[in-house]
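My questions will all concern the structure given below.
All chains are identified by letter, namely A, B and C, in their written order; residue positions are counted from 1 within each chain.
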Amino acid sequence: MISDRITSNLRRTFRESLLPKIGMVLLVSIVLMAVFAPLLATHDPTRTGYYDEGGNAYPPIGTEYTTQIAVDGEIQEVEVTADSAHVLGTNNVGQDVYSRFVYGARISLLVGFSATLMAMLVGVPIGLIAGYYGGRVDDALMRVADTMLAFPALVLALALIGVFGESPVYVPDPIVSLGLADGMPESIPIPGTVTIVAALVIWVWFARVARGEALSLRNEEYVKAAKSFGTTDRDVLIGHVLPNSVTPIIVLATIQVAVIILLEASLAYLGFSGTTLSWGYEIERGQDILRTRPWVSTLPGIGIVLTVIAVNLLGDWFRDALDPNLDEGQRGA
Amino acid sequence: MREDVLRVEGLSTRFFTGEGQVNAVENVSFDVREGEVFGIVGESGSGKSVTGLSLVDLVGSPGEITDGELWYRDAELADEVREEFPDVVDGEYVDLRGVPESVRTSLRGTSLSMIFQDPESSFNPSLTVGEQIAEAVEVQQRASSRPRSTRARTDGEEYSLGSLVLSFALPSRRYVSEESRERAIELLELVGIPDPVERADEYPHEYSGGMLQRAMIAQALAGEPDVLVADEPTTALDVTIQAQVLDLLSELQAETGMTILLITHNLGVIARMCDRVGVMYGGEIVERGTLEDVFRDNVHPYTEGLLGSVPDLESVGGSLDPVPGNVPSLLDHEMEDRCYFADRCPKAMEACLERPPDTRVEADGDHVVKCVLTDLEYGESPPLPDDHFETEGADASDGGSNESADASDKSASPDGGDSR
Amino acid sequence: MSIAKFLVRRTLQAVFVVWGVVTIMFGLRAVSPGDPATLMLGEGATAETIARVRAQEGLDEPIYVQYLDYVQGLLIGDFGYSWRSNREVEAMVIERIPATLELAIAATVVALVIAIPLGVVSATRRNEPADYGATLFSLLGISTPNFWLGLMLILLFGVWLGIFPTGRRPVGLVEAIWTLVAFGSAGDLLTWLQHITLPALTLGTYFTALITRLTRSGMVDELGKPYVTATRAKGLPAVLVRYKHVLRNTMIPILTVLGLQMGTLMGGAVITETVFNWPGLGLRLIDALDARDWPLMQGIIVFIAVAFVTINVFVDALYSSLDPRVNDE
């Protein structure tokens, strides 16, 4: 499936260019941060109420600022220094910004990768079958694909969440259940509908790419030969057509992970995600206090940008090394 | 004797690729006389196309002309640049390598023009053929309407982005004028395209290959060039069409008096068209002289091998598959310091393990050979054993070397490869 | 195939797509939890009123009758009444179109004006500082969520520098132009420009980045084609080679991608309108979703689908006029 030529191409492109290295380092760091979030976080990210004397959110460590304290019913401005326990301050409900930043990586990556995987598992077989058999099956698929594309992804997601609710799925945290981290949440909520919706929105792209590959391979001599020896269609598809579609699908998948991370963030920002531990949600939370507490919105945004850049850099690397013919047209959502 | 219109001295063109430096053209010298057809013949990957591109300054990145002089005869141009660049002017000749790029650009199309081997990919698919030829006419019209002395200097401002944007709003400001369109139709008629008025409005994909090659010749003629570089002008065509196109080139040459540099791998074409010939091998011209010198009195064993492979010189279809062995790799680090042909040469001697110099067969003639056999008889230096190169580098004959030859062929032929 | 035939076929496909969207929306409404009559009237309504409204709205009819009624209504331009405000959905959609259209057009203009020259420079000066700059910019652009970008722009230009207002749309473009023409006052137009700058940048950045990437890679491919060498060989000025020949051929495939990306543009508009409180369709859609106002939600989504397919048919027509080979296939 992955030939020596492909791996050597990948290796050469990686060696020759700086960008894939940056992407790799970034992504590995973010994945490590997500996996070891309970160990890296300083506070329970869901615990509220970390306020200064005046009942306001803390700014990042070391900032000298004034806060309002009510003394005997009168409000006084008091000079204080930020609490050293909260490295990046707290948000407007008094949660630790740094700990929430660390946990936010989990949601972005989990949704990004699992939705893409689901879309791939649905889209690739459908596309292969449609392209391989052609005719009516193919026509029907392409019309469905057009219809799906006519829905702006975000709008479709909003509609579906409106119907099915947010249905968060609580996943137990292995590190906490092993007792390695005290005082951290025992499970984290994955936004169920968002994940499924994301998969539903992008499967079409996988189907289209797989269809294209199947269509062009259908008439190849070796596929015809295999058929003439009595190989079943199923074996031809799995044994010949699928392996040849692997590289474009990998490239597409990488691009889609980036698209999904952005989509999840947007839905969380709009308040349709079902989990509050998301970078997108945190940005929305900071919006009301943007003028006075800009760090609350800024930090999770940087998290999203870095994650998506990392994935995009790896996507560019795969594309350059594997399939220069795939282009930006696949960046759909 | 007619005068030289072009003198190439020590031209070297290299490509700097991921796999290493490719010496596509190495220290090549020849001269082309006014009104003649000079042929360059060689196998795929011998550097002949890159030589052609180097002459019109169209070697694209990662390629670069690294050395050499290109003396072009143009009295007006010489007068114009003499003051500013005295070193690059010699009488009526100007070394094009020494003048600014804008000067070379201004000569393109109007003094030196080029046609390519694959007409179908050499036209822009989304503009009509007439429009594309009219563009070439326009280049010529605009160049001749201005005095030579200002031409090169103003070239940069001649057509700016601003004028292009303006032309979207005002049709009268378009680059191509109505007169040029009419001239384009005349040119199509000249090269023998029926119904030129209708055909001018058709797109390249509506033309047959032969028609399109005629259209490309019309396009090249539009600039009324002194020298036409024709790179494999008939390779992509059917045999019968090939003959027609060659006849057309001869006729047009007789009418206009232009000089043709004909690049081909086809010895039949050379025999039919050329006055003088250069044989290329491994990026070098290994033998050059008149048709007679090369075809009858040849010295270089490679030339002999080439000719031996063609049973009948009059047959236009005769192509090269001459000497056993592979075309040498042009990758710098794989090239050994010897005669590049020695590993395939039936007459290789120990003297061939050094680089042979260009030698004149007769002191005052212009039959020049890059081979020790010009001065030595075979056997005067100890012959090399047959397996000399096999033992020296085991990988020289296995698949590995084949692959690298392919790679260098690709990079050495940015115009799409000789092999097509 | 002639252009006319081609367009007829594409239009039929477009109609099919819109029908699909309508049907899916209807299906979603049918399976969504919550009784419509209760949603319409609020929790306090008596059973009697609810029953009356159910009968009035045809909610007691079998589902296929409801579906046919709905489709029939759409065909004559009747999108029904909003459950919340009891206004006609058509009117609620139409009044919000100018704001969204202004935003989408402004963003597209921003994207095209910046991206195409940037892509061209990037492709023609490969591996020079300009190329690295353009590559970095486009990487950042496709990786930045637009709502966050919007907030950061508000923070920088609105809060810290105070150059641009941070939300709302006090005046529409049409009214602004009208004031300029009728009263010779440019004040409204200036206000409009000030208010739309940040939203347009927010929505346009992703597309600017995307088109820059597309233009660069397309142009690099195109520059390697033999006709470019041939066109240079005939002495054509570099500007014409680059723009008349190469860029033109690069834009043909990009056009199709842009048509397909209209969905992303509309999704982006929803977000951008939310960030800047821009009173367009997107903001109304979010309100409708929050209120579970199905007729309004359906109306907006069907409208968006129609707009999407119309734009794509238009793009196809443009495509076939730019690429002469399409019509002969």
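Everything below uses one rule, namely that a contact is a pair of C-beta atoms (placed from the backbone, for glycine too) under 8 Å apart; a residue touches a chain by one contact, two chains touch by 3 or more.
Protein identities per chain, from UniProt: A, C = Peptide/nickel transport system permease protein; B = Nickel import system ATP-binding protein NikD.
These numbers come from a predicted model, not from an experiment.
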item: Chain contact graph, described as a line, ring, star, complete graph or other shape; value: line
item: Chain pair with the greatest number of C-beta contact pairs; value: A-C
item: Chain A-chain B separation of Cα centroids, rounded to whole Å; value: 54
item: Distance from the mean Cα position of chain C to that of chain B, given in whole angstrom; value: 52
item: Whole-Å separation of chain centres (CA-atom averages), chain A against chain C; value: 23
item: Residues within chain C bordering two or more other chains; value: none
item: Chain C partner contacts - residues on chain B that touch it in the complex; value: 53, 56, 58, 60-61, 105-110, 113-116, 118, 121-127, 132, 135-136, 139-140, 143, 155, 158-161, 163-164, 175, 203, 205-206, 216, 219-220, 222-223, 414-416
item: Contacting residues of chain C [partner chain B, same complex]; value: 126, 225-227, 229-240, 243-245, 248-249, 252, 322-325, 328
item: For the chain C and chain A complex, residues of the former touching the latter; value: 13, 16-18, 20-21, 24-25, 28, 31-33, 139-140, 142-148, 151-152, 154-155, 159, 210, 213-214, 217-218, 253, 256-257, 260-261, 263-264, 266-268, 270-271, 274-275, 285-286, 289, 292, 297, 301, 304-305, 308-309
item: Residues of chain A touching chain C in the complex; value: 143-144, 146-147, 149-155, 158-160, 162-163, 165, 258, 262, 265-266, 269-270, 272, 280, 283-284, 286-287, 290-291, 294, 297-298, 300-301, 304-305, 308-309, 312-313, 327-329, 331-333
